[in-house]
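Shared between the two complexes below is chain A, which pairs with chain B and chain C, respectively.
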Partner chain A sequence: MSLIHTLARLEAVESGRAQPLAMVRHRHLAARPLVFVPLTTAGEAGAPLGALVGSDRERPRLLVVPQPRDRDLRFAFLADLAEEVLPYVDSFAEDTEPAEQSKTDPETGKRVKVEVELCADAPQLIVPSRAGVDFVRLLGRSMRFRRTAEQDPDTPYPAPARVPLLGRWLTHFAERARVPGSTLIAAMTELLARHWATGQSSLEDQHLGALLAWIDPPGGDAGAEAARRAETARDAGGQLLCPPAGPATDPAFDNKLLAPAIERYDRARTALAAADDGPSADHRLAELTAAEREIGALVESRTRPTWDAVWHGLDLLNDLPEGERAAERWTRDRWSYTGHRDRVLAGEPPQPRRDDAVTAANKLAARETAQARLEAQEALDDPLVMAARRLSGEAFAGEVTEVVMAYSESKRPSPRPLVTLRTDDGPHLAERAKVYRSLAGKPQSAQFVGYDEEGGVVLRIMDKMGRGKEPDEGSVPEKGDQVTWTLFEHAPRGGPSLPEPEDTPWTHGGPPGTGAEAPDPVTSEDTL
Partner chain B sequence: MSSADPRTHGADAPFDPSAEAARATAAILHDTLHGEARGVVVDSPPGAGKSTLVVNAARELAAAGRPLMVVAQTNAQVDDLVLRLAEKEPDLPVGRLHSSDADPYDKALDDLEHVRKSTKASDLAGLDVVISTAAKWAHVSGVEPWRHAIVDEAYQMRSDALLAVAGLFERALFVGDPGQLDPFAIVGSEQWAGLSYDPSASAVSTLLAHNPSLPQHRLPVSWRLPASAAPLVSDAFYPYTRFRSGTGHGDRSLSFGVPSDGGGPDRVLDEAAASGWGLLELPARHTPRTDPEAVRAVAAVVRRLLDRGGATVSERSPDPVPLTADRIAVGTAHRDQAAAVRAALAELAVSGVTVDTANRLQGREYDVTVVLHPLSGRPDATAFHLETGRLCVLASRHRHACIVVARAGIADLLDDHPSTEPVQLGVTVKFPDGWEANHAVLSHLSEHRVPWQP
Partner chain C sequence: MTALRQRLAELRGPAVPAKALDARALAALAANPGCRRRALLDGAGVDKSALAQALGSPSGFGQSQFAFVRGNAFEAKVKADGGAELLRLVHAHLGGGPEPTTGAPDGDPAAVRTPDLAAAGPEGRAARTALALREASGTRAWTLLDHPMLALDVAGSPAFLEPDAVVVHPDGHWTVVEIKSFPMIDGAADAAKVGSAARQAAVYALALQQVAGHLDPAPPVHHRVLLVCPKDFSNQPTAAVMDVRKQLSVTKRQLGRLTRIEDIADALPEGTTFDVERPAAELTEAVESVPAAYAPECLAACELAFHCRERARGDGEVTALGRSVRGELGALTAVEDVLAAARGTAGDPDDPAVAALRRAAGLRAEALAAAGGDTAC
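What follows is the complex of A and B.
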């Protein structure tokens, strides 16, 4: 945690209000996000209980599994979910713009530019918390290897038609969530915690209700008091007034409300199955429907407050102006979406259960680059973030006090002006350290030469001054200019290219096996 | 095991460190030159002559007519290897592959007649030995694979870095110190934990997971660590692969020309001169990372170390050698701590002393080290601060003495914070864990404790 972050937390405690950690919004928010508030069944990994889903805040679609252990009902839920999610995801597939991508030419082996399609926008999934992202991953994993009757007529428990496809998309979303700065899927608690510091611990910040209570306390209460109420206040029946954002539910809800309701549903179902004549069947069907409706109402009562909280959070975030470089990161999300769209269209098999050695290394390298890029871009977009970097000695700002023209010692001398900067910051400048500043959005680099007698930092500008003997207009800071230099690169380069998976070397086990993976085998737990 | 167990030193037959080390080296070179396996792994404790081994192996392979590529981790390591090779065998044609950045290599290389430098591997084809960093090698493609490679500091190399270069060679000798800091990733990599090729794991763990039958050797003697330090470092950090020091208790000494003034820094210096270890203990307190009192105490110790006219005697020379600033290092856990110590030293007009983090002190050697304990003044013990390798690096850089500056109460802090890292299936558990190693070092240091209220 940076010094600024610590200070903001202390100020939040003192003032009773969350303090801003950012002056701009560092994550792109879609104009039409799909909000997904899932609930899971206690004690049954990956057994959804219900969800609110939709991109219209007034009209969420409620999906419920009245008996979460029943695989047919679970499949029905997943099929309904696919009906909501897939049309939304597909709605971005058609609208494309031309773009260039560099690819290796298979014949010459050279990198060449290829004209490709890039989707003009991409879907954005918003879940309440990090646990929601994990649940999306789990759902994706549970679905993508399922086989439909069409794919495999012999499969004993065929999945509804679009369920495996939904599994592939949810897997893609969840995997993309691991890329720093990406917002193809975003957890509301993380979005909010990135932009505001509360007076509670980061663990407590994972409670969406408590987090919002600090940022926007109802009725102007003190944040700590409002947060405590959000976490612990219960009604006369012992139920939390602000239910947890899920997917896990409150045990008091499970025990006192949900379990009896499910039991009534089970009884009604058994009774209906045993009904032997028309009129009694009608009556029992009505009972079953009532029991089902009751569970639906219970699920809605736990998800609706979270649904509203997520939209409330979106409102708060949308009030912040978007950071300049967030769009560039969103473009990468659009590439990611376009790429997966193409893989699905090309009929490629679902994502494998485990990455092979080359894929894993490529992903790690891409994410490390993304992390470094994100940190640099946030600092460049936001003086408050830059202040934290300055305090930690990774950047410095100051006024130019002197500019002396100098030239490189080569046959064609190029300008290498010496710029002296007066700064109150304490950068950790090593000998001949490279520093960077943003010049019209492009990084200009300089080399640290030393300190002058008065402690001013002397830098030698190295590039972006044009080809001539005299530097281009405006490419060298002038006396009196305020300039911010960073010790970190502005556009970190990616790592080297790795071998193709089929060329995996002996040190890493050689090439992986080929072919699509088999679907998950059916176990006894699948047929409870 | 008994003759290799340093604790029984003296009870058994006399231990001849040179002969032991020579035997180990001979076995390594035999496996490398004549063995069947595609790889040979060598574990080397701190200061056990790893660089010498690499240079010797390179010369032997070159003499056997096998084109050799050498992979090191940093440019400094690469330049150091080139210089050592040229010193041992000035006529050997060596290629230094380097990046196209400004000042890509040590200027001293320009004076070497048989060292060719280039940014392109193709320019260096045909030379007996080509040396570069893993990062640079990773960009080499379209060349004939080398018949042999030496991978230096292989335990500090990440698995994905090895993946990028392993296609360039047919067989390789992997050399490294398993006790030092593990490589790390700046983003989470839990999703691959337990996979044999986890890209964030060390190159050696991936290599051995896929090739468990590769011959593994270890160097048995530390030439750097004095007799006072080798048993502790060996017990605390290498409990299953013990080593011993190449020198005996009487072989080295540290003395001062100026008598003690009775202050804390002087008393801890005397303790360290006599026993090889000193713990300057400040009163218990929770402090910011750059604890001003502790930082000033570190600077004061260094200042007194220089002022008191230290002199060292070792097997290298019969006469006492003055202890100069360039033979002293200060080690910290964080970069801001190092910066604070540098500032404090500058205030006391000390220059020329190396001040750096454990990561950057890896592989370096000094006569005396002053260490700001990673857990000093902390309210918690995180995985970062407990990492075994961090303490191991800090406690194993010295030839004569190591002085640790810390707040009291670290033992209680450790007891309050047992390791709580989640257990990952399929991941080889590393022994000892940092918690245990910290306790071992701390209990030894407590015997050399000098309490001080600055």
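What follows is the complex of A and C.
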């Protein structure tokens, strides 16, 4: 956390309201996101209890597992979830635009441009918190190796038709969440914490209710008071007024409300199974339905406040203008979506349990590049982020005090003007350090020459001045201009490319095996 | 010793039984060794949950019965058949003897012994465990101690700890086994949960080392402990070895740093008590008489955290925003002072922390003002 960030938090403490950390929205938000608020059963690995899901704020779809330990009920839940999520995901697959991609020609080994499709837009999944993203990953893992009766008639517990496909998509979303700046899936707490500094610690910011209480306190209360209420206030029955954003539930809810309701459901089910005549079966079926409805109401009562909070957060974020370069990152998300759509269409097997060496190294390298790109782009889009970089000596801004024309010493001399800048910043400039500024959206580079007598920074402009002897109009700063230079590259690129997975050397495990991985062995006690 | 016990009983309240310190509490205590309040209340066996309730800032801690049932069912499954499955995992991961076979005759190194550890009271059980460990070290066979009781001296008062299991290998090594019900999926489990399990296991290993230290020659205690978890989405146990050397040395050092409870108790005003039957105002005063070291991490580990947080916020402590925040502000510890220094109304401009703050405040104000007009850069 930079000192500017700390200062913003302290200002938030003093004023009782969250303070801006960004002047623009640094993440692309879809016009029609799919919000997913899941709940899970305590102690069970990935046994969902229920969820609210949908892209219509007024009409979320409520999905409930009345007895989370029952495999059939869980499968029914997952099938319903697939019915909600997959049509949404697929709805972006048809609308494409032509694009170019460079690929290695298998015959010549050269990089060539090929015409490919790029989806014009992509789905966006919004979950309440980081734990929600982890839960999506867990659900994806639990489903993608499942076999349906159609794939394998002998499988002991066949999964409903679209469940393995949902698993592959959820896995893709969760994997993409690890790429910095990506918003194919986003956690609301992280989106909000990126744009506002609250008067509490980043640990406490993980509570969606408390975070929103600082940003937009109900009734204009002080943030600290509103946040404390969101965290701890309970009703007469001992239940939290603002239930946790999940997927974990509050123990008091589990013990006082949910457990008795599930017990009633189990009793009603046993009674129905034991019913021996029509009328009594009818009566018991009604009891079972009532018990089921009760659990549904409980799940809705715990997810609906979070659902509303997520949409509230989206409203707040949409009030900020989108950062100029956020669209570029969203294009990368569209590429990611298009790529996975193609893999699914091509009938490729589900993502493996563990990546092979080359894929893992590629992913890491891509994430590092994405991180560097994100940091650079955010700073260029937002003076407040740039201020933090200036404070840390990675950028400097100031007024141009002098421009002296100079030329390179080659046969055809090109312009290499010397620009002197007066700045109050303390950049960490090494000898002949390269610095960059944004010139009509493109980076122009310069070399640090030295300091003049008055401490001004002297730079030699190196490029983007056209082909002629005289620099193009507007390509060289003039006396009196305010210019910001950065020590970091504006469009950082990754390192050299890695070998193809088939060429993995034996030191790294050799080429990966082909074909799909076997499904998890099924035991009678499986939780999922 | 009896005087201290008498004193701690007074602090707790006359009719209140002492709440035992468990490994979880010890690990949390070791994570914040500067907190005298926690050291004293835990040492005296005060029920902090009830105390927080009486102070009007109840903790949100609790265990879901679903998690509880699941945890117990899994542990029972792992230990079924005289611990056959558990010992198979121990042998597969740590070796230390021939493959254990339940039902092998006594004297066979593959034989498995499961001594009865029942005794009256924690002291009795701890003594029984120590005896069983001593016997086991001489037999050169597998011994499984199911829920043994270990005593550990914490800041001058004994804490009784109950690990899930301790295994004595035929080669004489002692191993701590930790059984958890969070899943290990594709060989990896949740890092935060594994971390807390490792810290807990380190406390057990430390206590085990103390027991071993009383024997001659002292049997070696494995610094590698076995973590047993459900595999993937099933109920089948799988295991992984955790090297807890680091946690062990951290815990040892932190517990050593804990100010002796006697000294803390002696500094209290006469007649101080944390008896929850007393009125809230009196209790608040009693709690306030022991200094605390609040940090946001306490929220996940201490029942009094909400109370301490309110106090820390009320006093304008910057640590309430996180320990790292405190680190970058130098000698400035109050929110008011930091903001005054940043605005140039107080503080020594030659202090590097103050100078950096002013620079940060200037840059932030400039950026906010610029954004009001047109966007620079």
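The definition used in the following text is that the second predicted complex is superposed on the first by the 525 of 528 C-alpha atoms of A that agree within 3 Å, B and C clash if a C-alpha of one lies under 4 Å from a C-alpha of the other, contacts with A are read in each partner's own complex, and residues count from 1 in each chain.
Everything that follows uses one rule, which is that a contact is a pair of C-beta atoms (placed from the backbone, for glycine too) under 8 Å apart; a residue touches a chain by one contact, two chains touch by 3 or more.
Values in this document were obtained by computation on a predicted structure and should not be read as measured data.
Chemist: Which of the two partners, first being chain B and second being chain C, lies in contact with A:Trp506: first, second, both, or neither?
Modeler: first
Chemist: Between chain B and chain C, whom does A:Leu73 touch in the aligned arrangement: first, second, both, or neither?
Modeler: So A:Leu73 meets neither chain B nor chain C here.
Chemist: With both structures placed on chain A, which of the two partners, chain B or chain C, ends up touching more residues of chain A?
Modeler: With both complexes superposed on chain A, more residues of chain A are touched by C.
Chemist: Could you tell me if A:Leu364 is touching chain B, chain C, both of them or neither one (first, second, both, neither)?
Modeler: A:Leu364 sits against chain B, while chain C stays out of touch.
Chemist: Quick one: classify A:Gly46 as touching chain B (first), chain C (second), both or neither.
Modeler: Only chain C is touched by A:Gly46; chain B is not.
Chemist: Mind working out whether A:Ala224 is in touch with chain B, chain C, both or neither, as first, second, both or neither?
Modeler: Touch status of A:Ala224: second partner only.
Chemist: State whether A:Leu285 touches chain B only (first), chain C only (second), both chains, or neither.
Modeler: So A:Leu285 meets neither chain B nor chain C here.
Chemist: Could you say whether A:Thr249 touches chain B, chain C, both of them, or neither, answering first, second, both or neither?
Modeler: second
Chemist: So in the superposed three-chain picture, is A:Leu118 touching just chain B, just chain C, both, or none of them (first/second/both/neither)?
Modeler: A:Leu118 contacts neither chain B nor chain C.
Chemist: Using the touch definition from the top, say if A:Arg354 reaches chain B (first), chain C (second), both or neither.
Modeler: After superposition on chain A, A:Arg354 lies in contact with both partners, chain B and chain C.
Chemist: Touching chain B in one complex and chain C in the other: list those residues of chain A.
Modeler: 354
Chemist: Taking the complex as given, what residues does chain A use to touch chain C?
Modeler: Spelled out, the residues of chain A in touch with chain C are 1-4, 6-11, 13-14, 20, 23, 41-46, 138, 141-142, 199-204, 224, 228, 231-232, 240, 249-252, 254-255, 258-259, 353-354, 380, 383-384, 386-388, 390-391, 397, 438, 482, 484, 520-521, 523, 525-528.
Chemist: Looking at the complex, which residues from chain C come into contact with chain A?
Modeler: Chain C reaches chain A through residues 57-58, 60-71, 181-183, 185-186, 230, 232-236, 296-297, 299-300, 306, 310, 313, 316, 318, 320-322, 324-325, 328-329, 335-336, 338-339, 342, 356-357, 359-361, 363-364, 366-368, 370-371, 375-377.
Chemist: Quick one: in the complex, what on chain A touches chain B?
Modeler: So the residues of chain A touching chain B come out as 109, 178, 180, 354-358, 360-361, 363-365, 367-368, 370-372, 392-393, 426, 428, 432, 447, 462, 495-499, 503-510.
Chemist: Report the residues of chain B in contact with chain A in the complex, numbered from low to high.
Modeler: 38-39, 102-103, 135, 138-139, 141-142, 159-160, 162-164, 166-167, 185-189, 191-192, 195-200, 203, 206-207, 210-211, 335-336, 339
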